[in-house]
Amino acid sequence: MSSVIGNKIKLSIFGESHGEAIGCVIDGLPNGIKLDFDEINREMARRAPGNDKTATTRKESDAPHILSGVLNGVTTGAPLAMEIKNTNTRIGDYGNLMLVPRPSHSDYPAYVKYNGNNDVRGGGHFSGRLTAPIVFAGAVAKQILKAKGITIGAHISRIGSACDHCFDKNNIRAAELDAVAHKQFAVINDESEAEMRACVEAARINGDSIGGIVECAAVGLPVGLGGNMFDTIESRLSAALFGIPAVKGVQFGAGFDFAEMLGSEANDGYEIKNGEVALLSNHNGGVLGGMSSGAPLVFSVVLKPTPSISVPQKSVNLQTMENETLVVKGRHDPCVVPRAVPVVEGITAVTLLDLMM
Amino acid sequence: MSSVIGNKIKLSIFGESHGEAIGCVIDGLPNGIKLDFDEINREMARRAPGNDKTATTRKESDAPHILSGVLNGVTTGAPLAMEIKNTNTRIGDYGNLMLVPRPSHSDYPAYVKYNGNNDVRGGGHFSGRLTAPIVFAGAVAKQILKAKGITIGAHISRIGSACDHCFDKNNIRAAELDAVAHKQFAVINDESEAEMRACVEAARINGDSIGGIVECAAVGLPVGLGGNMFDTIESRLSAALFGIPAVKGVQFGAGFDFAEMLGSEANDGYEIKNGEVALLSNHNGGVLGGMSSGAPLVFSVVLKPTPSISVPQKSVNLQTMENETLVVKGRHDPCVVPRAVPVVEGITAVTLLDLMM
Amino acid sequence: MSSVIGNKIKLSIFGESHGEAIGCVIDGLPNGIKLDFDEINREMARRAPGNDKTATTRKESDAPHILSGVLNGVTTGAPLAMEIKNTNTRIGDYGNLMLVPRPSHSDYPAYVKYNGNNDVRGGGHFSGRLTAPIVFAGAVAKQILKAKGITIGAHISRIGSACDHCFDKNNIRAAELDAVAHKQFAVINDESEAEMRACVEAARINGDSIGGIVECAAVGLPVGLGGNMFDTIESRLSAALFGIPAVKGVQFGAGFDFAEMLGSEANDGYEIKNGEVALLSNHNGGVLGGMSSGAPLVFSVVLKPTPSISVPQKSVNLQTMENETLVVKGRHDPCVVPRAVPVVEGITAVTLLDLMM
Amino acid sequence: MSSVIGNKIKLSIFGESHGEAIGCVIDGLPNGIKLDFDEINREMARRAPGNDKTATTRKESDAPHILSGVLNGVTTGAPLAMEIKNTNTRIGDYGNLMLVPRPSHSDYPAYVKYNGNNDVRGGGHFSGRLTAPIVFAGAVAKQILKAKGITIGAHISRIGSACDHCFDKNNIRAAELDAVAHKQFAVINDESEAEMRACVEAARINGDSIGGIVECAAVGLPVGLGGNMFDTIESRLSAALFGIPAVKGVQFGAGFDFAEMLGSEANDGYEIKNGEVALLSNHNGGVLGGMSSGAPLVFSVVLKPTPSISVPQKSVNLQTMENETLVVKGRHDPCVVPRAVPVVEGITAVTLLDLMM
């Protein structure tokens, strides 16, 4: 069991949703990096709850507090530890979850795995709240990558039936990624926002939730980044992305559409452009043989609908071993997809930085 | 760069397509396992080329030769090393690839990454041939898992427009997995074979290739298997699966279909059945919070069409830096999906065994 | 660069001597362990400064504060995070060290490695203060090991010319280890305390420091604990022990005395005793082929004299690149050996627990 | 259990003394290295048995055979796999060891750990023969380090009562290391050879064995090499060195002599020399705070006497659980220290290269 990831940059995440604090330790950061804390806080605000009707009304300041590894705003090269105090917890809301597991949440397997000793309040260590340290670490990593000419950005690709435009895979500019990543509601085509919000609202008023897709891209990666076989960009990124609660699928480039394509359609040819090797298309999402091809890195992840819904559900009582109907109380996100955007960017930044070191 | 995977079971893979030998070292295997070599050879034959018109006509015996770790047919607990001699190589076929990279293959980024020092013959270490050691390690792992009551099986879910039935996610039996895994052409619904073969043949006669999907399942896993955050079944399996050449997407349960689902549709309720907790559905593919839920583990991977096609393609000469038209010669698979089935099973077995240790 | 250690139990340490806080994250602890915090605090007090004339007069409460992973005093199985606030820092004392490295301290190589960005106050992340989280983690690990019948204890084997009795390697009882580990001044033979204190006091009044040896033992280990080649008890423990600042040597059993021994003298024969296999001697310190032999685990580490001494020393100014005489101010330990005893026990406990998991 | 070591350079070792082959896979080597195989073979010959009266008379050609990772004599960047066929095995010699463990050998704990399934012939995977792949990997690593200006060399520091000169820790030149590493009997002071041989011969004629010390040094390391806390040169090297069978202690610089030193004696002052920072002494063996200080890296390891001796020893029969007298037959080294010299150099080279990557 491990909430630690990375080879050269080791990210260790701790905390429970309703415990005293959540946070992380980032081991292996380069020294001498002047951190822009305003930018870090801006990133944290993108994920923080209570900012939008698509999200839970639980408000958390999510203010990261540095414990070590930074001196006068500059990284020292020692492990960077950060904590976020949990300030707004309503313990009562989760009382009945102890013995009646919420469908599709971690409750039941966690109960078995941890013999009932795990902190179930708000999902404990399995809570989506644990993505806040990921956003923090990602914000740090992004600043270091930025200095290396690498930009990462993601957007809400789909919520329910509502779709945003997709990235033009072979023609993504850093400015475009920056722009979408700075929007309050991260879509490329602003007109899709209303439709997406309607999908979420329709779910919310029914006490229901809805899933969606986040598409992410990175430009500026050197050709050949990524290791052999199990240490490739795809292996490393997917392992990191599946660490985000609710992620149930990861695909690169054309992804599952490859199943219906011919090689002659799918192959990305080459040409010489401005004296350099360029790709004629980018169905492979910028990854060939697990290594960056020079084209933009493009992938998408699917997030399932939040399992916490207020409609009555069939469950069981783990003590009496009898069937029971469950009505989940508490404040929940009808759709986690908007808040997942900076999380996907964040873990991508941490992973790419690790590969770059 | 790393062709090593695993925590307690460390699988280290070596070799190049047209080098002297390929093979692997499996470190951390339990001792005292009586290996069934006939069964191992049967698994190797499922992947071996030359057995079917959907595959390359290159024939390789793929006979695994044990170098260490086994005494009198029983594992000793020491590292198990295995080699497969490369017997059938046609070096001439690949001569012109040195400087003219095959589109969508690893050639170009590998050339940049390895400064032209990598073995390009047949893709070198990036060749699909390197999946033979995975099948071997998987065959060993399967036998150990079998003794623990765990069965793994996969089938061709889709090739082009031709689809097989899907696993009935919440009702998969071990015998069903065994049955499909023993078929020469691994489909659940035998009637889909002809349609799939037609798709492959249509591609083949045009010198083209075609993609597809493999769906895999495992039954018998204990509830709660898998670690926290980055050490979950999903993170660990996806990292392993993306190590298979041509895999471009991995999804668990409903996967990308979750994007359009409501929580009330997607959630898997519970009931008491025969005195035990059971799931009413299995949209999550047997994984909740990264841990096994008790329902069958079900996931699918997409494989892109083989990049090696014989139709002329646009490429460049890396020496002259001029555009060039490439016609790939050599013997290639018009569709790697049938041969990928035991590879998907194999790396799944190795990963699950590692998680079980 | 990594302040993380362990395979199944991952200990990640953070903090700087004069930063805001030091602490650690312990990932992978078993759930359901009821922690005895009085015992943990007693262990912390063994290492805490200001308790004895052999140590620095800097007083730190060293009160560990749990951030996560514990609910109602019981481990949850989620990462256990702990912080200790730094309350007593005198920043002025270290001002001149920035550019004039203290001989035999980390200052100079750290300056080069971190380009002058490392926190030099009190040695920053290289400070002996970072051993407090090790003692904390060790106290937790000891309680878990105790429940498995394993007891660890260490004592001051030597300071300067003053020697304590050595453990009777083949006849160590748990009660004996407990007893010595509970002494304020951890020696087996109480009569050696006065002599050792005299050695330290002689160094102290001269503004000098003195080195020594800590001998550590563990009883109750199962036969066969430890992995192959690089994962043995000896490899794993030595890697952990050299993580303690000032440790410059590690030896198991007879250690360097083996150089002068014949095989016939060194070999530990076997006999049947009470129906079980027993060793006739224990020159190997309880480790054969890297695995526990059944005899007590016995090893010793040497700690160099604290490099921080107040006698004038030859150094250089890294800015002017001129020779300079350095007089180190601040409060320092004339001998770190007494305070190192619980640190050696602690990292041993963490390492053995990791091997036991 | 793991015969794998390293972070960026992963060395995976396989084989048993009397199995079909021993060998290794080196993952992560840089590409484009032209290997000098004559030099590799020369290194192998230094360790190979049958060359000297101090060693076993078992003759093995120890010819490394490359399976992958090298093309036209140049590393490709793919995993380098190598095997050495076992040609000279006398299985009969080890028959009675199955149930009567050799004192001080791995036999008894391995029997318990592996439930009697381990290959006991010649110690199986625990055999000193497994150091041949270490020498091979070390020979490869040395060539890469050489190109970076780093030279490694070791010598027999002591056998029994016979001592060689020690390295002048602060004044070691690359040529000196090369010279001693090329000697058939690796001593600095040739006059010590006769005395050492006399010690070995005295043991040999009595069917006994004798221990010793190997001192190793490396020059040319950049200042600041090595990571924090548990990733330091000392932690990493000690973990690797204890992987060599028979090593029972590792010390850096003054090592255990530090116990009797004052800080004023032990501290290594600085001076400006030729415009650069230089050390006035090197009691710390070139490592400060776990990082290279710029002075030569100097450390020593102690090797216990070979446990295999032909004098009768007290042991037990693990089946009948009765005491038994054991007389070990077979060909054994009366002293492994001379043959351990290239092994110590080799694992040092692999470890330093890993830290350099």
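So that you can tell them apart, the chains are marked A, B, C and D in the order they are listed, and the count of residues begins at 1 in each.
By our rule, a contact is a pair of C-beta atoms (placed from the backbone, for glycine too) under 8 Å apart; a residue touches a chain by one contact, two chains touch by 3 or more.
All of these numbers come straight from a predicted model, not from anything done at the bench.
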## Note on the structure
A correct list of chains touching both chain B and chain C reads A, D
#### Entry: B-D against A-D, pair bridged by the larger set of C-beta contacts
B-D
### Task
Name the chain whose C-alpha centroid is farthest from the C-alpha centroid of chain C.
B
### Centre-to-centre distance between chain B and chain A (centres being mean Cα positions), rounded to whole Å
27
## Note on the structure
The distance between the C-alpha centres of chain B and chain D, rounded to whole Å, is 39
### Task
Indicate the whole-number Å distance between the mean C-alpha point of chain A and the mean C-alpha point of chain D.
46
### Message
Multi-chain contacts only, two chains or more: what residues does chain D have there?
### Response
1-4, 13, 27, 78-79, 113-114, 125, 228
### Query
In their shared complex, at which residues does chain A touch chain C?
1-4, 10, 12-16, 19-23, 25, 27-28, 31-32, 66-69, 71, 74-81, 83, 113-115, 117-119, 124-125
### Task
Provide the residue numbers of chain D that touch chain C in the complex, in ascending order.
1-5, 13, 101, 103-110, 112-114, 123, 125-126, 130, 158-161, 203, 206, 208-213, 223-232, 234-236, 238-243, 245, 247-256, 258-272, 275, 277, 280, 283-285, 288-294, 302-309, 311, 313-316, 318, 321-323
### Query
Which chain A residues qualify as touching chain D in the complex?
7, 27, 78-79, 228
